[in-house]
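Take a look at the structures listed below.
Look at the two complexes coming up: chain A is in both, with chain B in one and chain C in the other.
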Partner chain A sequence: MINQLGNYSLYIALLISIFIISKASLSLRKLSITLSGNIFSLISVQSIMVIISFLTLIYAFVTSDFSNETVYNNSHTTKPLFYKISGTWGNHEGSLLLWLLVLTIFLFIFTVESKNLSQRYRTLTLFFQQIIIFGFLLFILFTSNPFSNLFPIPNEGTGLNPILQDPALAIHPPILYLGYVGTSIIFSSALAAIISGSINKSWASHIKKWVLVSWVFLSIGILLGSIWAYYELGWGGFWFWDPVENVSLMPWICLTALLHTIFTLEKRDIFHSWAVILSITTFSLSMSGTFLVRSGILNSIHIFANDPSRGVFILCFLFILIFLSILIYFFYQKTIKENLTKPYLISKETAVLLNNLFMMFFLSVVLIGTVYPIFLEVINNEKISIGPPFYHKLLIPFLIPFLFFMAIGPNIKWINGKIGKINFTQVSIFIISIIVSYFFVKKYGVSYLLSLPLFILSIFLFFITIKDFFGKKVNISQKISHFGFSLLILSILLNGVLSKEFSSNMKVGDERKFLNKTIKFESIKVIKEQNYQSLIGEFNIKDENNSLSLKPELRIYDQPQTITSEADISSTIFSDNFLVFNVLKNDGFYNVRYQIKPFMIWIWISVILISFGGLISLKKKNV
Partner chain B sequence: MYGKKVKLRILFISLLLVSVILSIFLILKSLEEDVVYFFSPTEIKSLTEINKKKIRIGGMVKENSIVIDSENINFIITDFKNEINISYSGSVPNLFEEGKGVVAEGFLKDNSFLIAEKILAKHDENYMPPEVAESLKDK
Partner chain C sequence: MKILKIFCILLIFFLFFQNHSLANSPQQVDKISKNLRCLICQGQSVYDSQSDFALSMKTLIKKKIDEGKNDDEIYDFLISKYGEWIVYEPKFNKNTFFLWLLPILVFLGGGWLIFKKTKFFKL
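Presenting the complex of A and B:
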């Protein structure tokens, strides 16, 4: 019964969407530039409708209403309440409804917070945003309706993939979607601004907030996914260059570039066209991310159902949007008034430009690495995979100059900087960095050719950003983010170089030697939990000074029948001890993997710092 | 001569062009080197020469073929036409089982033996890698 409520409210939302689009296009044609209060209330009603349908779905999941097909396919009565709720967006239909929910809520917030901006700009943004909402509504209602009924009503559901039953992954999609969908507002608003000829400083300072918000959410969303992959997938890494990860990294890179461009646009009134192009690209990347993940093209755990018609729909919708935006860009491009003041080679503008160039390079590497295998398979049915070596080889050499410019760039003045001024302290810091890294590399005997310059420059950036905290007129948010980035690179580097790994097949009671440690498989015990059985292994890791006990877990879920491994990780600020074990064929052997991962925790902390910088920047009225 | 602005523009555009060309070249070159191709056991058998590149083999783990000692895991990947012996030392995913789909990544020693560096299986009891499903379909 209640199921239908959700369904009908979506149809009402669809009608409202059609009405607003036609009304907006009429009022735009007549150039009568009033956004009537009427439309505002319509948007509120639309948001409420979508909220209602989302709540209905949550309700269906919580009460395990198996007359709903989505619930039947993805839930089970024995599941803990928390995962019943998170199961709402842990599947294809529900996650799209979440997309839609965020879309409408963001539009509502936009209409409220842009009250004192030009009516024409607001109406246009609203118009484009409604087109996106309309598309998603069609998509949900006709290809992936979360409210389809099942008859006869089954007694029990099939359960949520146990690997998704995890706190980090439960909140990962909503956070990530806030980031993704935030880019839709940027997209609509960029198109609106270009049509109304208002790509200028004030547009930049308005849209900057949205860029920051999406950027912060996207960063945190990626972080959550990465933490989850670290302890749940049992490979002990935090980034695998898996297509699904890349798909979220690409909009992030683009958004980062846009962030820098928008700041420059706000301050210096340049890069108008570029900002528009980036806005369009970022949203297209977010959309294609959804397309690639949802269509089942990418072969990964994120695929819940493979249904080609869904893929085709998103693909068409994506093409229409991109085509439309390119068309608008070329038609209205002349409204952009580029500020043609004399450019200087040594200036912050150049630094931002360089940042953007590097970002575009990183973006194209990730894009090609992600898309190339798909194309090759479509074209000549060859199956390939592209692994980390490809990305490392292409990204690392370019990271070196990138870090260098990142260190000196922010200290150059706007308009016309001078080289003479930046010299002394920076050069001395540079020399210190060389010395530090030389000793480091020598001590640990790192053989990789590029690691020395990479070390030098990340340490250089690290010191410079620390030094800059004590300068006068510090742009604190930028410093925090840049410092976070240097910390990120540094900890990834140290982590990569100093990680140690050991794996073996062990029986209970076995002992193995690794480095100066002894790893002992003490015991195993079985515990019955709500919807799984838990095998807890006890391992003892001893060296001369101390002993550490780790208790990794194997969970055997009944519904659906799956085994997952929960690594046990003991973190200190210097290093993580990571231990995970798997069942092998039934002759008593367990496959044990023990890893020492130095500075792991700093990778997470640095990403939090990076996003925190963005948050602070949002708080400040004027950056 | 040209003004400073024009010069800067020209410099900028040529820099841009050079970097675009350079990056395309680099990307294509690394693609050539670092791509890992996927084969079925039957395709491996028909290879005329064994090269040193890393490859992936996909198929089913043959029943009763897993042999474990404290160091290694040996098993056979089959597509029900041909079989490849795999030797592996390292950790395996939970769904690595006899009669289930698997992908092994590593280096070929000869037409029937692969030293694996990585074993992949997916996190779903019904899952079969699409490649495997396809190579089984042909039989």
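Presenting the complex of A and C:
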């Protein structure tokens, strides 16, 4: 009964969407520029309808209403309440509903906060946003309806994939979606601005807020996913260049480029067309990302073929949106009043362009690495894998000059095109970095050809960003974000080089030597939890001075039957001690993996710093 | 200042050609197995996996190293046995030249565009 409420409110939202689209297109044709209060209240009603249907779905999950097919497929009565709720968006149907929810709420916020902007621009943004909402509603209602009924009503559900029953992963999708959906506003408003001929400084300072919001949420969303992969997948890594990860990284890279471009547009009134192109690209990437992950095309192309209606709809919708935006771009291109004065080669403008160049390069590497195997398989039925070595090989050589430009770029002035005197501080910092890296590489015997220049430049960038804190040339949010980024690169490098790993098969009572430590498998105990059984191993790691006790866990879920391993990690500011164990076939033996991962925590902290810089920038009126 | 610059450049060159070392057997097994896909797992490398397949692969790699094969020979052998799907780094050939070159073309094209769209000095 209550299940139907959700369904009907979605239909009402659909009707409202159709009404607004037709109304908006009529008023645009007549050039009557008033956005009637009527439309505003319609948008409020639409948001409320979607909120109701989302709440209905949560209610169905909480009460384990198995007459709902989505609940039946993804929930179970013994699941803890928290995961019943997060199970709402832990599946295809529910996650699309969450997308829609954020989409309508963001549109509502946009309508409220853009009150004193031009009516034509607002109406157009609203119009494009409604087209996206309309597409999503159609998609949800006709191919992935979360409110389909089951009859007869089953007694028990099939359960949520245990690997998803985790606090970080429960809040990861909503945060990530806030980022993804934020880009839809950027997309609509860019199209609106190009049609109404208002791509200019004031558009930039308005849309900048949305760019920042999406960027911050996307960064935090990626961070959460990465932290989850670190402790849950049990391999001790935090980034695997897995297609699903890449899909979230691509809009982030594009958004980072857009962020820099928008700042420049606001300040210097240049790069108009480029900002529009980036806005369109970012949204296309976000949307194809969500769809690709959800439709299962990425992991295996065969799942895609299994559900043709879904796949075809996705492709058509994406195609229409991208086609529409390209059409609008070329048709209205002449309205862009591009500033024709060329920037000087040595100026902050060029530095921003260089940032964008590198971002586009990184983007193209990740994009082609992610989609190429799919196309190759379709075209000539050959299967290839693209993994970390591919990305490292292409990215690292370009990372080196990128770090260099990132260090000197922010210190160059706007406009001015002089090759000034060589900055003495920068040169001395550079020499110090060379010396530090040399001794470091020597001491730890790092043996890759590119590692030395990579070290030199990441340390150089690190010192420069610290030095910049005391200068006045750069604003505070940029200081924090850039410092965060240099810290990120440096910690990833140090982590990669200094990590130590031990792996062995052990049974209870065994002792192994590793470096100067002794690892002892002390005991194992079994505990029954609400919806799983837990095997907790107790390990003791001793060196001359301290001993550390680590208790990794194996969880045996019965609904559905899966084993997950929970690593035990002890973090300090210098390094993480990471221990995970797995059952082996021969009785009594467990595979034990112990890793020392230096500076792990700094990777997380640096991403938080990067996003924090964005947040501060949001607070300020003028950057 | 000039001396400083030359000093820097020389230093870099000097350091660049300093660090080469030969890996020994266990490290080499790790290095190779990190670049191989565990065919029966989901998105795990042979190195990370504890499955039977992965374990036997590691033994196989070790055997090949002991036979005196170098990395490339081992990869080629595995590709001929299991197909391109097993290596995480696709070989450069007619199927993949686009994959390797496109990003670099993007970079060069973009770089050229920036060069065209900026001017050198104040006129």
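The working rule: the second predicted complex is superposed on the first by the 606 of 623 C-alpha atoms of A that agree within 3 Å, B and C clash if a C-alpha of one lies under 4 Å from a C-alpha of the other, contacts with A are read in each partner's own complex, and residues count from 1 in each chain.
The definition used in the following text is that a residue touches a chain if its C-beta (ideal position, glycine included) is under 8 Å from a C-beta of that chain, and two chains touch if they have at least 3 such contacts.
Keep in mind that what you see is a predicted model, and the values were worked out from it rather than measured.
Q: Quick one: on chain A, after the overlay, do chain B and chain C clash, or do they fit? Just give me the call.
A: clash
Q: Based on the superposed arrangement, let me know which partner A:Asn545 touches: chain B (first), chain C (second), both, or neither?
A: neither
Q: With the two complexes superposed on chain A, say which partner A:Asn582 touches: chain B (first), chain C (second), both, or neither.
A: both
Q: Report for A:Thr564: first if it touches chain B alone, second if chain C alone, otherwise both or neither.
A: In the superposition, A:Thr564 touches chain B alone.
Q: Once chain A of both complexes is superposed, is A:Ile386 in touch with chain B (first), chain C (second), both, or neither?
A: Both partners, chain B and chain C.
Q: May I ask you to decide whether A:Asn591 touches chain B, chain C, both, or neither, giving the answer as first, second, both or neither?
A: both
Q: What is the contact status of A:Val365 with respect to chain B (first) and chain C (second): first, second, both, or neither?
A: Touch status of A:Val365: both partners.
Q: In the superposed arrangement, does A:Leu345 touch chain B (first), chain C (second), both or neither?
A: Both partners, chain B and chain C.
Q: On the A-aligned overlay, A:Ile163 touches which partner chain: chain B = first, chain C = second, or both, or neither?
A: The first partner, chain B, only.
Q: After the superposition on A, what does A:Val427 contact: first (chain B), second (chain C), both or neither?
A: second
Q: By the touch definition above, which chain A residues appear in both interfaces, chain B in one complex and chain C in the other?
A: Shared contact residues on chain A (touching chain B in one complex, chain C in the other): 299, 342-343, 345, 357, 361, 364-365, 368, 372, 382-387, 389-390, 393-394, 582, 584, 591.
Q: Which chain C residues qualify as touching chain A in the complex?
A: 1, 4-5, 7-8, 11-12, 15-16, 19-21, 23, 34-35, 37, 42-45, 48, 50, 83-90, 95-96, 98-100, 102-104, 106-107, 110-111, 114-115, 117-122
Q: Going by the contact rule at the top, pick out the chain B residues touching chain A in the complex.
A: Checking each residue of chain B against chain A gives 4-5, 8, 16, 19, 23, 26-27, 30-31, 33-38, 56, 66, 68-73, 89-98, 122-125, 129-131.
Q: Across the complex, what residues on chain A touch chain C?
A: Those in contact with chain C are residues 235, 237, 240, 242, 299, 342-345, 347, 349-350, 353-354, 356-357, 360-361, 364-365, 368-369, 372, 376, 380, 382-390, 393-394, 398, 417-418, 422, 427, 430-431, 434, 438, 441, 445-447, 449, 451-453, 456, 582, 584, 591.
Q: Note which residues of chain A are touching chain B in the complex, please.
A: 161, 163, 234, 299, 301, 342-343, 345, 357, 361, 364-365, 368, 372, 382-387, 389-390, 393-394, 503-506, 510, 512, 554, 560-565, 580, 582-585, 587, 589, 591-593
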